[in-house]
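Structure incoming, see below.
The letters A, B, C and D name the chains in turn, as written, and every chain counts its residues from 1.
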């Protein structure tokens, strides 16, 4: 067995375990931290498939941005020591059945489907290629989605500020 | 310009014009003008139609025109009329014309009232002129929806209940219709909703067995087919005068018309095969409606139940599946339309004076309101089938046609239906006796205002219609007969 | 890794991750933990894109860019969501999903 | 010379109806009466002209004077409007126009100053039109149409005093009972048309031309017999035959001239006319039906005569007498054969119809004259009127003698023929007929003696003789009652169109005249002066007398059936059923829908996680179904 395969299995196991912990942990801050590990594992896999830029973005935005954001919001809204109440068992069972069923169906499809790679020659995901593609407006260029995402981010930023900002006292009755 | 498009355009424009004026005077002037134009152009249409037929134009439908509307599904705005449609349009024009005059004194939200009323009429006209099943259905719905508002807002008594019940039951019928229409459309698989085109298709009998009942009951609900008639008494008794007139006079006819031109026309084998089931239902409805009328005390209930009986006769005639009886059924639609409109108009006028519709609380109106009473008697006599008035022509054509059937079952059913004429006489005379005759019930009756000019216009136009058909029925009967050819011949051949 | 681990096996990992996210989304009551579950699902989808790209269409970068954009959108989403949560907490002193029924009725 | 002008016989009365009807309340003074009278007068003149032209020509063939298609049912069946002239229709034209004219003139005096004067004449004109249309009908359906119109005019005229509850009830009853009979008539027409494919009298009354497969039977009788029986039911309804007679006595609520015209001379004999019109058909295709006609006729004649002996209302006595006399006519038709001497009954029946029209109209007009003078219908409140009303008295006496069958008055000849015809075929019917002849004489003279002789009652107003406008028509009818019997009727009207030699059967005549004289004598003894004998005799009959006085309780029976059974046990439950079962069922559907929706409303909980759960389940299910479909 190749080393890379072993590494993959290890990383994959870590990701799955921490994902499970993230959705089951009863301490909310811990859940956030487990999420961080799962995301970091993902970044690791990106490295393994040679998408270094994506891996970096994953680490910066997800691990560095979103998780921190989540942790801050937890700190703002919850007591860290407080244990969340356990969801009722009926709900857990039903949801587990649903999840397992979904998994089973998906796995059935995945294992039974024969994937045939397309033999294409193309570009490597080097930084310069990514940059050219991202801002290219010729064939295969992504400038339009890039710009759209920019606007979206701007809008989200404005929106977040508007929503989260404290109402002025005169409006607050 | 095609006269048929004008028939849809004029009411639409009238309704639009009403939107821009405000005073009651202006509103009703516009409504009356629009509907008078409509009446005149219907007469022109009738004249032109007869002219065309006389000059030897034997096409199935005349004045056809087609506009592509939604090509990918084959929906076209196809219009065209045959003799039956012309007759029904004529009826509609008379009834809506008189309906406007009968609602001359609507004071509450009069603008909206007239708009709804005329939109309803537009739907009816559209239904009769269109040849495309989809468009037909569209107009059918257009006619049903304003009914809800008209009863719910301007009605009396438990009006919300009645409006809801009526609309829901008719919508239930519509639901069956949609299924039936789509069934026909997809089975034919020729990418068109045009009735004439569809009628040339041979539908497999298994499919017909499924969709014929759907279409027949779907239209039967609005034609007051037993046991789907119960919206009729509640709806009519709560509806304002003009709405009752239009509803019983015209809207219920959409049912019979649809049964003939859609259900029986498109699915003749199933009609042949299954007519007996519905024949039993309609025979029941004829006699049952009449018997249930005898004990009613509310004038509108009386008329509603008698409508059940009379409209039962319409479907009964159609189900005999021969030309004579179908001819009679169409005649009966027209005759009943005029008659029942007259009744409802008169009931409204009497109610506006006595403020009750319970016949046991009234009496002796003949002395104080001679004009209206005489009109009522004429309507009653037409209803019980007096020769010289329209009811006789229609009923006798149905009975004679039905009795020519070779099957003993059909003849027995005919005898059952015929016996309703006695029951009809009983309830008509009961009403006339209690309501109009006898001593004047109360002192204040003497202060009743006499019939006003618009009331006279309304009743007299209807009575003229009744008399014309009753005295000289041959032209009308021939006109309908010619148009029945394609429909009924198909039944016989197969 | 591409040569040594077949596509089917890597997809198993993403599937598991996705449905773990679903499970969390459906069982958790705290809105923030629900957000965490959503992030898990998004992450699983991202991985799928990357895998399909690398395994089936080597040399093309569509999957790569899709993932990139998804990460960006996820960031935006998280920002707005957390803003809403905080506002919500301010108003009803709770970020329990079952308590959020102000707009019902 | 053609007969096209006969159309005016029909048009004039209807024009009078339209003018009077539209101008109701606006026409000045008595102009409406004159319009109607002039119109019917011209009609009468034209009828006489037709009669002279037709009978003068010597041929008795049917003539279709006018014919136009009114409504077409299918290729074979159609309703024609036309005028058929043959001996019986012309005879009826003459009778109807004559009696109508007399009644119209009389009414101008009788109805003077009444409210609704123009309405009255409008209705009368309508009636004359309908009745004339009925008798000249060229086909069965035209007959039916005018039959209905006659019924409606009768309804309108009986209910003329519409603010009198009794009149309203009577008119309703008359219409509904006859309508019920008409139902039979209509079904009969339908059956006939089904088997023969025609409504035309021309074909229907040529038995030799009919080759119909009368194979179908029902309850042992051929369907044609049933059809003709049903047609007879219609006739029996209009002619007030037992058991459909109950409307006629009540119909006397109408104005008296109306009773004279409609309920004595013309409309009530329409049934007889109908059977006579279809007589060849009856005779050849359905002799069984004729048996029934004879039986019903015989029973009614006796039944009505018995009741007539006990009544006290002058108009009701006359009404029962009318029933009894029409029973005679039916009896004669029923015992008649087709053609030759066999057909004596047919001739006799129509002869009696003819003479009866005169004397019965006269009796009613006389009764009207009396009522006009004393303002009551009850003969117990009358008496000694011969002093006050000499002209009425004489004319009434003539009419009584005519109806009693005393020679040489009109009734003698026709009644003798009937009895002779009955004697030739059915002795039982002959015995009944002769018995009734005696009874007739008795009750008519009972009436006569009580009213004109008897005790002299003290009147609040002194009775006076009626004005000339009323007595003149009575006189003309009186002349008719005397001489009508002398017409050689058989040579004009016979069942097969071949003239029948009329002769008097002296044996039969003697017996019946003797019986009639006995009847008159008894009446004279009992009622000439007041005496206690009638009281005693009626006591001795006990229950029988009481039930005859109450018309054998038929009214009560009918009310029990209609009010009790149909109204209470059919209609009421049906109406209840409609509201509480069918409608409730519809409401139940609505309620169930409501309930279901209130149940599933829970799905719309606003709970995000539930939505997501269902959403994901849905996705999985769809996936699964795709998988399943792809295998």
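In this text, a contact is a pair of C-beta atoms (placed from the backbone, for glycine too) under 8 Å apart; a residue touches a chain by one contact, two chains touch by 3 or more.
Quantities reported herein were computed from a predicted structural model and do not represent experimental measurements.
A comparison of C-alpha centroids places B closest to the centre of the full protein. When you average the Cα atoms of each chain and compare centres, the chain farthest from chain B turns out to be A. Taking each chain's centre as the average of its CA atoms, chain A and chain D sit 101 Å apart.
For the pair chain B and chain C, the distance between C-alpha centroids works out to 62 Å. Chain centres here are Cα means. That of chain C falls 96 Å from that of chain D.
Centre-to-centre spacing of chain B and chain D amounts to 36 Å, using the average Cα coordinate of each chain.
Counting partners per residue, chain C has 22, 26 as the residues that reach two or more other chains. Each of residues 613, 616 in chain D touches at least two other chains. Residue positions of chain B in touch with at least two other chains are not found. The chain pairs satisfying the stated touch condition come to A-C, A-D, B-D, C-D.
The residues of chain B lying in touch with chain D in their complex are 165, 168-169, 227-231, 233-234, 288, 291-292, 294-296, 305, 323-324, 327, 364, 366-367, 370, 381, 384-388, 392-393, 396-397, 399-401, 403-404, 411, 414-415, 418-419, 421-422, 425-426, 429-430, 433, 436-440, 473-474, 477-478, 481. Those residues of chain D that touch chain C in the complex are listed here as 606-609, 612-613, 616.
Residues 1-5, 7-8, 10-13, 15-24, 26-30, 32-33, 35-37, 39-40, 43, 46-47, 50-51, 54-61, 64-65, 67-69, 71-80, 82-87, 89-90, 95 of chain C are the ones that touch chain A when the two sit in their complex.
Of all the residues in chain A, the ones that touch chain D in their complex are 94-95, 98, 101-102, 105, 108-109.
Chain contact summary for the complex, chain D toward chain B: residues 25, 69-74, 77, 79, 141, 144-146, 148-149, 152, 155, 159, 162-163, 165, 168-169, 171-172, 175-176, 179-180, 182-183, 186-187, 190-191, 193-194, 566-567, 570-572, 574-575, 578, 582-583, 585-587, 590.
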